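Labels run A, B, C and D following the written order; every chain starts at residue 1.
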Amino acid sequence: KDSGGTSNNAGSSGTAASGCKLADKPPAAAASSSTAGDGTKVDGSALKVGLAYDIGGRGDASFNDSAAAGLDKAKTDLGLKADAVKELTAAPNEAEDAKQTRLRQLATEGYNPIVAVGFAYAESLKVVAPQFPDVKFAIVDGAVDGATNVTPLVFAEEQGSFLVGVIAAYQSKACHVGFVGGVDIPLIQKFEAGYAQGAKAAAPDIKLEKKYLTPAGDFTGFQDPAKGQVVGQGQVEAGADVLYQAAGASGKGVFAAAKAGNAKAIGVDSDQYNQPTVAESKDVIVSSMLKRVDVAVFDFVKAVAKNDLASLPKVFDLKVDGVGYATSGGKIDADLAAVLEGYKAQIIAGKITVSDKPSS
Amino acid sequence: MTALAEAPLTVVPPQRKRKIPGWALGMIGVAGAIALLSTTSYLTGVPQLTSTGTIQTAVRLALPILLAGLGGLWAERAGVVNIGLEGMMIMGTWGAAWAGYQWGPWAALIAAAVFGALGGLLHAIATVTFGVNHIVSGVAINLLGAGLTKYLSTLLFFPISHNPRESPAVPKFDTYSAGGLSDWLGSLEADQRVGISDVAGILRGLVTGVSPLTMLAVVFVVGSYLVLWRTRFGLRLRSCGENPTAAESLGVNVYLYKYAAVVMSGALAGVGGAALVLNPGNPGYLEGQTNGRGFIGLAAMIFGNWRPGGLLGGAALFGYADGLQLRSGGKTFLALIYGAVLLLAVLVVWQLVRRRWFAAATGIVAAGLLYGVYYSVDEVPSELTAYAPHLVTLVVLAVASQRLRMPAADGVVYRRG
Amino acid sequence: MGKLRGNLLPPALAILFSALLCGIALVVSGANPLRAFGAMVSQVGEGTTAVDIVNSTGVYYIAALAVAIGFQMNLFNIGVEGQYRVAAVVAAVFGGSVALPPGIHALAIILVAAVTGALWAAIPAILKVTRGVNEVISTIMMNGLALGLAAYLIRADVFGELRGNNIRTPEIPSSGWVPGIPLGSSGTVFGLVFLAAALGIGYWVMMNRTRFGFELRASGESSTAAAAGGVSAKKMILVAMLLSGAIAGLVSMPEILGRDHTYNLNFPAGIGFSGIAVALLGRNHPGGIALGALLWAFLDKSGLALDNVGVSREIVTIMQGAIVLSVVVAYEVVRRYELAAEQRRVGRQLGTVEPVGGAA
Amino acid sequence: MSSSTSADLPAAIGDPEGPPAVVLSGITKRFPGVVANSDVHLSVRVGEVHALCGENGAGKSTLMKILYGMQQPDEGTIDVAGERVHFRTPADAIKVGIGMVHQHFMLADNLTVQENVVLGAEALHGIGGKARKRILELAGRTGLSVDPGVLVERLGVADRQRVEILKVLYRGAKVIILDEPTAVLVPQEVDELFATLRGMQEQGFTFLFISHKLDEVRAIADSVTVIRRGTTVGTADPKAVSSRQLAEMMVGSELPSPETRESTVTDREVLRVEGLALVAQEGTRPVLDGIDLVVRSGEVVGIAGVEGNGQTELVETIMGMRRASAGHVVLVDAEGNAKDLVKLGTLARREAGIGYVPEDRHRQGLLLTQPLWANRILGYQTRRPTAKGAWLDIAGAKQDTQRIVEEFDVRTPGIDVAAAALSGGNQQKLVVGRELSGDPVLLIASHPTRGVDVGAQALIWDEIKRARAAGLAVLLISADLDELIGLSDTIKVMLRGRLVADADPNTVTPEDLGSAMTGAGSTSDAVAALDTPVDEEGER
């Protein structure tokens, strides 16, 4: 009988336990302060908010859930009434007009603002938004050219991924890290690009494994933990000892592979250390790249309530805490935290620009 | 009637003497495959082809396919085409998660079998009792299986997992390794000696981190062979797939055996679904988790010529190709192309010996083309390697289809009387 | 009269049976079935749902015709799914990269789509004819390969272009669009819905009035009798498969030329499989398929309304599965009954029902 | 009835002085549209060979299937050895010692002889070595000399027949039903079979024997029961009645005869086959080998041969349904233009003027669920009156179907009924009518009257003779040697894919033909061996 997680990783070459030769640490950050919390109480009780989720909807433990959290926060903080909220969810493989119908339905029932969660709604909004010029729409992860009543809520995933790349470099004993993407689409490539750049910045000699589970268009890559596990295991055996996944539900397989191979893992989107569905492997999760869809949704609703959409950032990036990293589980010590804050400050200050396209 | 016995009255195809028994042929095939892989691995410098991890992965990926394929085998040996395996597998994943969450992995296994069997029962009612076209019924069952599980998980899993498309985590089986043997093989593999290391890697992959489910699957394969080919039950079941009218005329209750076979088929497919849930990496049920594996199982069964041993080979090939592309991507895929060139070369020589000029020429052209690809491309685009298993299946079927022999009454709607 | 009854009774019974089944499921899960069904029906009047149903009927109709051509001769083209996807990409790429006069441009795109679909279907057809490869398996494999090919073709470094987080083919200029019938706030009916209707008529004429249709049906009914009657099975397989593929290639044309003007990552999947179900519902008859497509589209589109009344939308999928299964069972039962009735009728008319006594 | 060897008398059926082995009384069985059996009475004594005669569709097979438990009677009772029995499945009938050899082989090709034999009777000796031993013991009695481990697909017809009998023996049956066992056998094989039956009869076996060949019935049977249109007409002593009397009992009228009066043979060649060869898909052994054949206008050339010697393949190769590996098929049309068809497809050959009556009307001749007029189109989908160019001419097809129905006396309520609703004979009349409609120069007729009742048979013979007189060339394949001798102007004997002998229909007897067909050599001047001797090496 196998005693769980002691299987040797044959591939991890001689450098084991020695860690990376690290680059110079960035200058310590000046005590950064978040821009949030400007004190004034905003009243949103008059709003009727509609949410159109992407596949998965509330409860997907991923970005839909995160959007839901933003909505819930608006309920408590802005006084949004529970019955003044409507949430609808997309079905897998549905046609374009189903998305349009969903948005239109919310609009005709008087919901305003309406948040579309996921770039899949971009094409539909292009059609629907002009039909309801008075309704304020927002789209998470996307933008609609030329529609003035659609607020894009986009994130600098590459910046957050940069920081977890740094974490990976500092945590890796073999100086060899891995990235597992769910589906090979531009959005996920942003994660890869930032991660690779961050890891390289912290440890120029670092080796990187990367793999996408399925090519663009085949979205089963977000739904196949078995494949995630295989790829994760492959990367561990190739020598990687910190794995970063941006693979939706398939990420669970990556965590399991990391656990079985005595490696570490980095979660994505929300703080996965605290997520019940991956509780089994929580001890290997050193951090998660946070994509604060909840912040964006909340800020958007708040801005609508204040009638001040211009105050919203163009991109939810490190500066506005739109992205970040999680520290739950206590795997990030004070030294590393200082380093991370240093990099963060440099990125915010524009001294480091993080590319959103993988280099190769 | 002695005089008659001497004069052959009909144009009988000459009796081909099978000098070599099936199992030996299988062993030779396996040995050949290992030799081919280790040569390729040596010549291209890609050790992943035969590493422990690759083999372990192949086993894991092959498992659900193998079980689904076995399900297909049972049904088709009794003459019922089961394209609804995918739906039955989905029902299995759901059942496994539902019971496994509450009562542990063994309960999961049983529940998966029961749920799959229910799908099989439905297929049997439609095809055997009502004489519906088998493909048609299968398509409908796939729809139904997907719908039912979605509905049930919204109903039952959502309150616990807070996700309508997912179950709560399900406890898993422990895995087992052949301790000393595994370590010894590991040291052999690490030696990097041509051939020996390869064989050691492959063997080690087979004895390390084995789940009880894998052992069970092996038991099922051997058991299916024994039951179907060595017992009276199996003989009767197969006779329903070969000539149901004849079977009925000898007092075999064809409907009953068809029902038994199709229900068994569903149960096996269900267990295949359980393998997905209980495999490492899967917390539990997840919508869309089967991802077409039921269909692949069917392909593996056809590939295996409706025999358990062949099916094992087909599932292994699929698991291997998929594992390889997932673990190491385009580079190893190129190595495989190189391996295919080697294989073709061997085949060409064989055809030349047998004076089959046309076949040999075709082989040379194909080998040339493949070698051209190998030579000119650095890495195959990941979009294409992702479906390497599909491509391999297609190519292998194209090459081997004419040697395949399905049960004579497979897919034929049978009516009593 | 009897014929009509034989054709209409089974589906009516099946729908009733399935509705009953789903009603029970709803009651068991604590929902009110009448309210659910009521919501679905009233949804038709909402917003653009009615138009969406019509548009979607057209798409399903084309897919089902493609499937039905094969079914007529017991050829199971499970590959419509892959055929329409590959055709859509190639046609979209073609349409977006050539400049042609209006009308001709659209026609050329449609032609390219049909040819591409046919070529993709040609592979399993040739494998079946020359190598005896079962088309069910080969077309399933081809569906996988189609996903891969489509993903490759829309790579930004091949034919695709990035749009925010989406990837798509270059937009087809308006000369290649097929205008629809705008119905104001109720939406726009795709112009190519009429293509679907025309295909249906063509299909009927071909099946019932031409030599080719006769040969196709003869091969389906009895391949041995067809062979003795001079119908070449191989030729029929090849032609039927190519024709089926060509029609499959047109499946996404209404949407691409009428609304999207590009192929992107949100391309709907699964229409091919729905097509199989619809063809079964309509019993390969062009009129029946139209009704089946309408029913399917209705269930799909008004199923969105179930979210409003707090009922899981998945009940619709169950209903669809149950309808297909019960409709084929019902057809089979009725077919048996009618054959027996016909034999009885002939027997009565020829007076063989009562034998000529025991006259020795 | 466990492992009783066939040498002991079974407990239930044994005593010749006791009650009859089988008594069927008042059996009625209805199918949709037809009453197959109506108040049938039949009594079979222990140890006798009881023959059952009747036209096609008279209900013989149905009656036997009822006795064997395959079908349940609507009315009536069955007594076996004096005891009332109710069979729900064949297993019940097997249990009381009834066995049946069916009209059509009931064998699974892809299973071995042993598997076929033990299937369903595994309880007796298992499925392994013991069963094998028992099979070898019994095999001698039936003359079967193959290894029980070979696949049935490797066996010829006669051996398959033996396996069928072996199956029955293995189950320890004492009452054996033989439904047309001789249909596929040549006279010599029939004699062998009869010798076997007589031997077994002495050991106490009881036989129910069905045959359309009345001479055979008179040769083997101890008593004969005649069935007409589902009812028993009476029982007779076969030694006391002539074949003709028997036949008239069956039909209730005069018997037709296939004899042709005067020769209409001309010297204009219509079909010339040269060196035709066909190689089966696997293996290199030719199925057809160097076939040379000429059919002239007004001539009927008959091909005799034991089933499975390549007649089917010859016809299908001439029709283009199989690709010849060598040779020529030259057809001369009415204008005298010769054309080699060997590269053309079936349709082109039909268009060139060949009519084709296939051997199996259900599988090859008809679209069973389609109306009669649609069946008229099959094979003529490119020609008037059923088609105009690429378009079907449905009105034309209906009209011409109506003509055939009238001219050929097809008994049907209309041309819109499905072909499946017609009886076999009427279906065949439709097929023959269709194939004589396209102004053919050559008719290829495979078993044109197989399984067709006497009335339809006479009509079909008449039509063929009429067309022949009008100059049609006919290639006739038939297993019915009387038909072959009666209709043909020339007979050729086919053996193992070759034409090995010519026979003169004016002088040859069925026995002569039979021995030529089995390769036993010519025993008569009427059969002249051709100069291509049988290739002995081909026997392996």
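Structure notes:
As a convention for this text, a contact is a pair of C-beta atoms (placed from the backbone, for glycine too) under 8 Å apart; a residue touches a chain by one contact, two chains touch by 3 or more.
Predicted, not measured: the structure shown is a model, and the values here were computed from it.
Looking at chain B and chain C, the chains in contact with each of them are A, D. The interface with the greater number of C-beta contacts, when A-C is set against C-D, is C-D.
Of all chains, the one whose mean C-alpha position sits at the greatest distance from that of chain D is A. Chain A and chain C have Cα centroids lying 39 Å from one another. One inter-chain figure worth recording: chain A and chain D are separated by 76 Å, centre to centre, where each centre is the mean of the chain's CA atoms. In terms of their C-alpha centroids, the spacing between chain C and chain D amounts to 45 Å. We define each chain's centre as the mean of its Cα atoms; on that basis chain A and chain B are separated by 37 Å. Counting only residues that touch two or more partner chains, chain D has none. Within chain C, the positions touching two or more other chains are listed as 147-148, 151-152, 155. Each of residues 184, 214-216, 218 in chain A touches at least two other chains.
Touching chain C in their complex are the following residues of chain D: 31-35, 38-39, 228-234, 249, 252, 319, 321, 345-351, 356, 358, 360, 363-370, 374, 377-379, 381-382, 387, 390-392, 394, 411-413, 417-418, 420-423. On chain C, the positions that touch chain B within their shared complex are 25, 29, 76, 127, 131-134, 136-138, 140-142, 144-145, 147-149, 151-152, 155, 273, 276-277, 280, 312, 314-322, 324-325, 328-329, 332-333, 336.
Across the interface of their complex, chain B is touched by residues 1-2, 4, 7-8, 10-11, 56-61, 92, 184, 211-216, 218, 220, 223-234, 237-238, 249, 252-254, 256-257, 260, 276-280 of chain A. Looking at the complex, you find that chain C touches chain D at residues 208-212, 214-215, 217-218, 221-222, 224-232, 339-350, 352-360.
Of all the residues in chain D, the ones that touch chain B in their complex are 68-71, 89-92, 94, 100, 102, 105-111, 115-116, 118-123, 126-127, 142-145, 150, 153-158, 162, 167, 188-189, 192-193, 195-196, 280, 282-283, 285, 287, 306-310, 313, 496-497, 518-520, 539-540.
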